[in-house]
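The structure follows.
Chain nomenclature is as follows: A, B, C, D and E, assigned in order of appearance, with residue numbering initiated at 1 for each chain independently.
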Amino acid sequence: MLRGCPIAQPRALIPFLSASDLSIGRGDRTLLSGLNLSISPGDVLHLRGRNGAGKSSLIEVLVGLRPARGGTLKRPAADQFHWIGHRNALNSDLGVRENLEGWCALNGVAASGIAAALERTGLARLRHRQVRTLSAGQKRRAALTRLLLAQRPLWLLDEPLSGLDGEGLALLGQLMNEHVAGDGGIVVTSHQSLPGRLPRVTIIDLG
Amino acid sequence: MSAFLVTVARELRIAARNKASLLMPPLFFAIVVTLFALGGKPGDPQLAAVAPSVLWVGALLAALLTLDRLFRGDLDDGWLEQVFIAPASPVGMVLGKFAAHWLLTGLPLLLLAAPLALQLGFPSGAPLGWLLLGLLMGTPLLSIVGGFAAALTVSLPRAGLLLPVLVLPLLAPVVIFGSGAARAAQAGLDASGPIYFLAFLLVLSLTLLPWAATAALRSAFD
Amino acid sequence: MWTWFHRLASPPSFYRFADRVAPWLAVAALLLLGYGLFAGLWIAPKDYQQGDAFRIIYVHVPAAALSLSLYTGMAIAGVVALIWRIKLAECAIVALAPIGASFTALALVTGMLWGKPMWGAYWVWDARLTSELVLLFLYLGVIGLDQAFLDRRAAARACALLAIVGAVNVPIVKYSVEWWNSLHQASTILKFGKPTITAEMAIPLYASLLGAYLLAGMAALRRMQNEVLLRERRAGWVRELTAV
Amino acid sequence: MSAFLVTVARELRIAARNKASLLMPPLFFAIVVTLFALGGKPGDPQLAAVAPSVLWVGALLAALLTLDRLFRGDLDDGWLEQVFIAPASPVGMVLGKFAAHWLLTGLPLLLLAAPLALQLGFPSGAPLGWLLLGLLMGTPLLSIVGGFAAALTVSLPRAGLLLPVLVLPLLAPVVIFGSGAARAAQAGLDASGPIYFLAFLLVLSLTLLPWAATAALRSAFD
Amino acid sequence: MLRGCPIAQPRALIPFLSASDLSIGRGDRTLLSGLNLSISPGDVLHLRGRNGAGKSSLIEVLVGLRPARGGTLKRPAADQFHWIGHRNALNSDLGVRENLEGWCALNGVAASGIAAALERTGLARLRHRQVRTLSAGQKRRAALTRLLLAQRPLWLLDEPLSGLDGEGLALLGQLMNEHVAGDGGIVVTSHQSLPGRLPRVTIIDLG
């Protein structure tokens, strides 16, 4: 490798996140071990596996919520990735917009993009509705709206499709397409196949 | 905006959703005082003597009854995890929780303490000043120490009575010194000793407990 | 009779009915209260024991009587709302609570003001006084519960249940003076049979009592109208009404 | 098996999951009594006089602190809905909740009341008997009336202090009569009057409140 | 129709549930109106519609959790149907089997079938695990296990596929097949198409 000559290294080769020989456990069981992965710009990593294989646990390790049991992990900085877990992280007493405003403030992001983002995810009319009164799919859409509030290169999405209707699926596919086209990376778990036409999907089957 | 301000704003907003809930702390104190008065012999003239204890125990109860939920909702809906992966420091969030808890339960009590104390026959003037000063030091302590215990127990299924059992011994000194100061002032003695002690406790817990609570919360994810 | 009642129970006809009746109630209440208070505060003779202090009775007794009557009314409306699911009864519960709370507060304040000259203290923790304070808390509880719900029907149902359960306190307030040896004076005026008070004092008292009832009735009708409008804001007849 | 037995068994099982939680009510009770004793002037010989109030207020608090969660978990995880569509009557479930609440907080406290009362200098013998009889009538009342209020507020987001504000006025008569009976017995007077009244309240609330609570829960689904 | 001659009426014509001119609302909005439906033995009713169309609300009305705003509704008795909502109705402190035992006791059903049912849904090894420690899909499987604990002719399932892996999907398809083959009826909401080869599926699109 040519030291001191960064231009020689194509951009796509600097991974957002890489793990080698990772092992992951819950309670006193080891779920996964010897796992190697890396996500570079333009990559989509589709984690699959049976219920209980450890997909959610793996993502939680990747975002730093849970320590790995072994191996090395290079994680991006906190403002370099989005994570949407199983739970929507929406307070049911607050309105949709209020919830997103809180998230923006927490992340030091301008709240001015909220209106446009809600328009995109089809929640513009519901922006003042208490989250408590949303349907399951509407809540999921509200959670996914966060992806649009801040431009972050890496997305880690845990079952983002769950509860979405056909239109929601198409929308998410489109968002993922755009993100990847803009040199973003995505790690996503889903039992369904991914919507949209993503160019470079690597499927990792956790068994 | 820091996690601290975000959290305070968020909590106040949630509380403001239900305007009537803002009236609950004063109402609660009024009821507690009434109950105390009822529990004693009817028409007991010695209420003034117990006024400091009544106010302090009332403050303790108001804190206890609202602490259980301090972090639980945020843990259940996944917000807590978002805070821990955000760029901002989670300690700010914890401090914000403590501050909002104090604003919503401690402060109303403090504002109400003077009329209630006078109602119970507590002498006005300097003794009242000491009583209020004690509460000014002590009510944040209730929120901080109680909030720490709430963080410790947040992931436990049936924390129920575990939280108060943890909190009460921790807070017993606060209540004892706080009401002790008021009683000393009432008797015309110097009350500054217990107040200094409360101030010391406040500084100590303000510097240590937010970090301890943050660590407790982090371990709640597993 | 039954059909008439049914027709009245429908929100639009109630609304119109209330619009017609409320002004008359207001006028009658004004006249009665005006007479009662004027006669009581200026014309009636001084009490031989209490001097002028007794005149507060013309405010205190009506307020205290209404504090109890309104709670009873609220509980009855609660029963009606829960059993027959009549919307108007639901509106009545949430409409009556703030009125009752105000009268209770007034009874407490006038009682305290009266207590100072009579018993030498604004407040003593005696059974009648304390149970009246509990009554205030119950009213405030109903109001708080009502405010806490978003859905109006759910709010009314919860308030109905609380109002009914809280009704145990009403007899405690009423008979506390007999069950405990209270400082407060026992029932004399509001007892059936012979009142033990001179007519010159009594007639203005009855007038202001009746006036207070009419005033409360007027306020209840108006508040119920508001509640009906709030609940039916999407209905056609409300749209028509607000369009004019 | 009826919904009643199912619910009692289920609640006890959940409590048994966390063995330490079974010790919490007595521990809490003991701490409260100790705090009261400390809050008064140290070494006060008049503790015996306030013993009934202290025990009753302690019981009330123990009930309050656990009530908030009585139905909340079941509402959140969807179990409550399954109960309401099941063939069994939901009133049985509500009664089971009340019974389990009493078994887990009222009963331990009843067992502990005698030693604590003696500790406070309350006379043994007949007065103690009356005190315990009062608690035997009164602690189920705390569970029932409190449970009713918990059902009323279960679907409310920030009930916070609303629950205690609703419960305390409703329970005031219970505490007054209960401690009144003990004080009467202490003074050598006849204590049966208040006890009869408590028994009357118990029967009344046992016949009415389970239905009222069921109605309140049903309306929580919307 | 021949009165007094029940044999003449084919069994399949007695519907488990029928609704006519049903209207359904949440808060002060009316979501659906003029809805007619009926489920007879062998029928599968697949409710579809965009997020927030009112599928869950409709099912909750059908099971009697929520009153209809108008119309008439003939519902089966409480022990004639299963309802699995969005939420799993599992206490997270109790074990899987304990949870199911509680459900059996509540419904007056023998608990002896639990072991076999858990075997079928693939949770036999996890029967003593606290529900808190299950993965999302494992929880959903535990909820679906109830379908096997009591033989009830009508199933009302709200997004039963959500969170299930491929094997779980196949299993659910098989269960539904068997149920329909045994003259059961099913009302199901799902954004995905239904698994299994169901003979008579009516799709109702709520818009």
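Just so we're on the same page, a contact is a pair of C-beta atoms (placed from the backbone, for glycine too) under 8 Å apart; a residue touches a chain by one contact, two chains touch by 3 or more.
Protein identities per chain, from UniProt: A, E = Heme exporter protein A; B, D = Heme exporter protein B; C = Heme exporter protein C.
Note that the coordinates shown come from a computational prediction; the quantities given were computed from them, not determined experimentally.
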Farthest chain from chain A (Heme exporter protein A) by C-alpha centroid distance is chain C
Sort out for me whether D-E or B-C is joined by the greater number of C-beta contact pairs.
D-E
If you average the CA atoms of chain B (Heme exporter protein B) and of chain D (Heme exporter protein B), how far apart do the two points sit, in angstrom?
24
Roughly how far is chain A (Heme exporter protein A) from chain B (Heme exporter protein B), centre to centre by C-alpha average, rounded to an integer in Å?
39
Chain C (Heme exporter protein C) and chain E (Heme exporter protein A), separation of their C-alpha mean positions in angstrom:
50
Going by the touch rule set out above, which residues of chain A (Heme exporter protein A) reach two or more other chains?
26, 86, 92-93, 130, 133
Residues of chain B (Heme exporter protein B) whose C-beta touches two or more other chains:
14, 17-18, 20-21, 24, 27, 31, 34, 38, 40, 76, 157-158
Could you list which residues of chain C (Heme exporter protein C) touch at least two other chains?
134, 137, 140, 144, 148, 150-151
Contacting residues of chain D (Heme exporter protein B) [partner chain A (Heme exporter protein A), same complex]
157-158
Flag every residue of chain D (Heme exporter protein B) that touches chain B (Heme exporter protein B) in the complex, lowest number first.
14-15, 17-18, 20-21, 24-25, 27-28, 31-32, 34-36, 38-41, 50, 53, 56-57, 60-62, 64-66, 68-69, 76, 105, 156-158, 160-165, 168-169, 172, 175-176, 179, 183
Touching chain D (Heme exporter protein B) in the complex, chain A (Heme exporter protein A) uses residues 92-93, 132
Applying the document's contact rule, which stretches of chain A (Heme exporter protein A) touch chain E (Heme exporter protein A) when the two form their complex?
26-27, 49-52, 56, 86, 133-138, 140-141, 159, 162-169, 191-192
Can you list the chain E (Heme exporter protein A) residues touching chain D (Heme exporter protein B) in their complex?
26, 60, 63-66, 77-79, 83, 85-94, 98, 102-103, 105-108, 130
